[in-house]
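These notes open a run of structures that come right after.
Look for subunit A in each of the two complexes below; its partner is subunit B in the first and subunit C in the second.
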Partner chain A sequence: MIARTLAILVGLFIIAPMVVVMVMSFGAGASLAFPPAEFTWASYARYFTDPRWMVPTWNSLVIGVISTAITMAVTTPAAFAFALYGFRGRNLIRLVIMMPLMAPAIVMALAYFFYFGEIGLLNTIAGVAVAHACIAIPLVFLILSAGLKSFDWTLLRASQAAGAGPWTSFRRVCFPVLRPSFLVAALFAFINSFDETVIALFISGRAASTLPRRMFENVRQESDPVVAVVSTLLFLLVALIATVAMMRRR
Partner chain B sequence: MTGIRDHAPPLRQMLAPWALLTPVIVFLLVTFVVPLLQVVRLSFGEQGFSVAGYAAFFSDPFHLRVLGRTLATAAIVTVLCLVLGYPIAYVVARHGGGLGRSLLLIVTMSFWTSFLVRTFAWLVILGNQGPIAAGFRALGLAPPQLLFTTFASTIGMVHILLPFMIMALYSVMLRIDANLVRAAEVLGGSPLQAFARVYLPLSFPGVINGAMMVFIICLGFYVTPELLGGPKDQMIARLIGAQIEQLLDWQEAATMAVVLLGVTLALYAIYDYLFGLDRLWNG
Partner chain C sequence: MPDPTAHLALDRLTKRYRDGQPAAVDDIALDVERGSFVSFLGPSGSGKTTTLMMIAGFEAATRGRILLDGRDIAAVPPYRRNFGMVFQNYALFPHMTVAQNVAYPLEVRGIGRDQTARRVAEGLDIVGLGGFAGRRPRELSGGQQQRVALARALVFEPTLVLMDEPLGALDKNLREQMQIEIKAIQRRLGITLIYVTHDQGEAMSMSDRIAVFNRGRIEQVASPLDLYARPATRFVGEFVGESNMIEAVVAGGRIDSPWGPLRPARPATADGRVLAMIRPEAIELGAGDEPHNRADIVVDNLVHYGDRVVLFGRCGTAPVKLTAWARDAEGIAPGHTAAVRWRGEDIHLIE
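So, the complex of A and B:
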């Protein structure tokens, strides 16, 4: 009984801020007053029409798609190598693959700031996409490895016995069977990039500003209620995905 | 793929994994290892080699205070997350049902909502036009300064990291056999004793994993302390960020980054030695 009461209270603590933000998104004035003086859709209209919000949103989508594609392309073969073969240096390579998960984001922000400055990728979409692709590798590797653990390798053997080459086997046998793992991994990589704030804050600049960077600057300087709109939309998207995922699991 | 053929030539079999690993190795080398090594290089001076940066860092009381504060804040946030997260994880894992499912949904949604969105929410709640200040005014009291304080920054970080702790606890608690607690009660233990002597120790791996993750993420936290905390709550990530933004001292920035990275990796190494990192990632 005590545990339940505590759990409910903490549950309220977790959800309350999101409710506050949703209510805020209907405010109009350039202040963060809660509850808002009036309820309007004005801030929603502003978000969808103001290029200062739409351009970063578009940048974030583009960066998310490119970085997800890069991560999937370089990590999938590696996950197969680990599932299929024993080889020397396995643990070392695994550690290197997991390293981007261990390095704090602010350290990577500094590293990319120098490095991309030297090679001319600072403040570019390509630079942010490459950085995001790199930090998503460990996540995608873990998800794909978990999926491959339950993969029935005799299927692969059968397809090869039937004369399929490695690429055909992958495309026609492995990919369809492992589709859920690939989807989840790609979704994680995309969300990871779309949400990433710290690295993008320092390396995306004005030119390639991502949505989180725009939100951060906005919160720090002008506190425009459009931030509440973006937050609400992001939260509803998450709620939708979480609900669908839970319904499918049941 | 040829490797699974029993008659594959040994040399091909030896090379096959490396062919598959080459893309990830090359990519990580170019986009991760090289940039990171440059930071390490820079921490030893822009030209030549000197440990002056480190000597300056470790002899400057301001930097040492910030480092100490970073560690202390991470410890406090970790303890608070544990205290608040344990009951939720316990209820979700043991009771399930409608309440358990709703709580799990709430935690999952919070987990997936970006750090920035949740930080912004606290900015509104604690702001001087927010609901708490309104409550004080309704009572005829002057609202206290909540925003840009240690309190604001701590509550924001706890809120953001709580789902990590709950997930870590929950995944371990799910595997605890409920019959063990029942057995303890049948054998004459009170519910509290059964919990303290049986359930709590069995949930310990989750406590370690959760604490480890929360502590490490907290050490490098930038966004939340920057937006919610005051100037007196500077943590090390914020000092690094300030150096990048104001283009001050590259060597100093690199030195602080290496110190932060060093502390983080040392914690991972200790965890690996005691429990093995696989448990953290696959748990």
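So, the complex of A and C:
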């Protein structure tokens, strides 16, 4: 009884900030207010019609997709190599792969700022996509490696013994069985990029501005309820994905 | 030299993983006759599974040849060798139904939908899983999964089937039942079957011939009866069935041992050290009439294994260990002197 009450209280405490933000999103004033003076969809309308919000949203989506594609393409062979073969320097290479996870975001952001400045990738979609791909690599590598660890490799042998070549075996046996791992890895990579703020602040510039960056600027400069709208929508999107994932697990 | 009429022949086959290390498979030779059931029998690490994997094409030989109907298949990748294969853990595709699993080899060969469906149904009937087409592997018991694996291996009508300890995970009764069924299917379809196992009873009951592996080499290839009655080496004698191994010395027509003088029905061919094997069923209680082929053992200790009994004692001053069937050893206790005898025909010399 006490445990349940405690759990509910903790739950409420956790979602309280989100509730505050969601309420604020229905305001229409020039600045954020809690509680808002009036309840309206006006800010929602403004978000979807204002190019100053829609462009960064679109950029974030594009960067998310590109960086996820890069990460998956690069990390999948690596995860397979580590799972299948023993080779010299394994541990060192794995350390290098993990490094973006261990370095603080601000350090990475600064590094990318100076490095991309040198090679002309500052303020470009490509630049942000590459940076996001790099920081997602350790995450995807861990997820794929975990999936591969529980993969039954004799399935591939059974497939080949049955007459299917390596590519057919991958397509018809390996990939379908591993699909959950691939999907989870891609999803995490995408969300990681979509949410990423620090690096984007440093290297995206006005031209390639991402949604988190736009929100940061908004809070600093105008602080109007559209920020709350974006937060609410993002939160609902993630909640939706998580719910769908849990239903499918059932 | 490999037999040119053999279905499968192994010629000086060797597998060495690293230079300087002992070979996993060391220069083995074997002819497998078409339509025969041959077991690779041996303890773990003896090279039997590695050899099977080389035949399947999943391991490359370091040296030597694998000949299928006289043709060297070293260059043929595993997915073109057309051998049926059953793995120890069944390796059923978890994301497919039973029918899809069995249909897989046919689909991969481009066989049409109708014919595939028909042959899948036949295949499932052969293994006794007629109504299971729509089930998924995780819904099946171990024995049922094994049958699906068997059906999948047979559905494309291979002439050679390889099995890697397929019954290891099943309980005793189910295993024996599956052994009978596998043997029946093999005989009915006339397929050449190579069967890897570490269970000598399994190999003995199913095989036409058994190749006994030890440390990368084949110590003997023979029919089960020959293997049991006339093992070529100590290892084979001890691995297959229970045995009494007596170290003896041949000198001038006489054979002496810690058990006393031995006179086998078939005399030794040369002087020197020799191993005399007597199977437990040949041991009889009671003093012999002759001075040879008998022993009086002062029993220090005995261990009961249910069907057999192992006596530890002394014959004169020499320590001896005797294995006999429990029925023949009734009444013997520590402190007693057990008088045992055996016939000359039951001594097998390993020189």
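We take it that the second predicted complex is superposed on the first by the 231 of 250 C-alpha atoms of A that agree within 3 Å, B and C clash if a C-alpha of one lies under 4 Å from a C-alpha of the other, contacts with A are read in each partner's own complex, and residues count from 1 in each chain.
Assume contacts are C-beta pairs under 8 Å (C-beta built on N, C-alpha and C of every residue); 3 or more make two chains touch, one makes a residue touch a chain.
Here the structure is a predicted model, which is why all the values come from computation and not from measurement.
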Partner chain(s) touched by A:Val244 [first = subunit B, second = subunit C, both, neither]: neither
Superposition-derived comparison: subunit B or subunit C, residues of subunit A touched: B
First, second, both or neither for A:Ala37, with subunit B first and subunit C second: neither
First, second, both or neither for A:Met54, with subunit B first and subunit C second: neither
Partner chain in contact with A:Ala45 - subunit B first, subunit C second, else both or neither: neither
Subunit B versus subunit C as contact partner of A:Ala207, first or second or both or neither: neither
Partner chain in contact with A:Val177 - subunit B first, subunit C second, else both or neither: second
Which of subunit B and subunit C A:Val130 touches, first, second, both or neither: first
First (subunit B), second (subunit C), both or neither touched by A:Arg157: both
Subunit B and subunit C contact sites that coincide on subunit A, given as residue numbers: 157, 160, 165-166, 169
Residues on subunit B engaged by subunit A in the complex (per definition of touch): 1-5, 13-14, 16-21, 23-25, 27-28, 31-36, 38-39, 42, 84-85, 87-88, 90-92, 95, 99, 101-110, 112-125, 127, 129-131, 134, 159, 162-163, 219-220, 222-223, 226-227, 237, 240-241, 243-245, 250, 253-254, 257, 260-261, 264-265, 268, 277, 281-282
Subunit A contact footprint on subunit C (complex, rising order): 56-58, 77-80, 82-85, 87, 89, 91-95, 104-105, 108-109, 149, 152-153, 156, 162
Subunit A residues touching subunit B - in the complex, by the definition given at the top: 3-4, 6-8, 10-11, 13-18, 20-21, 24, 31-35, 70, 73-75, 77-78, 80-81, 84-85, 87, 93, 96-100, 102-115, 130-131, 133-134, 137, 142, 146, 153, 156-157, 160, 165-166, 169-170, 191, 195, 197-198, 202, 212, 215-216, 219-220, 223, 227-228, 230-231, 234-235, 238-239, 241-243, 246
Contact set on subunit A toward subunit C in their complex: 152, 154-155, 157-166, 168-169, 172-173, 176-177
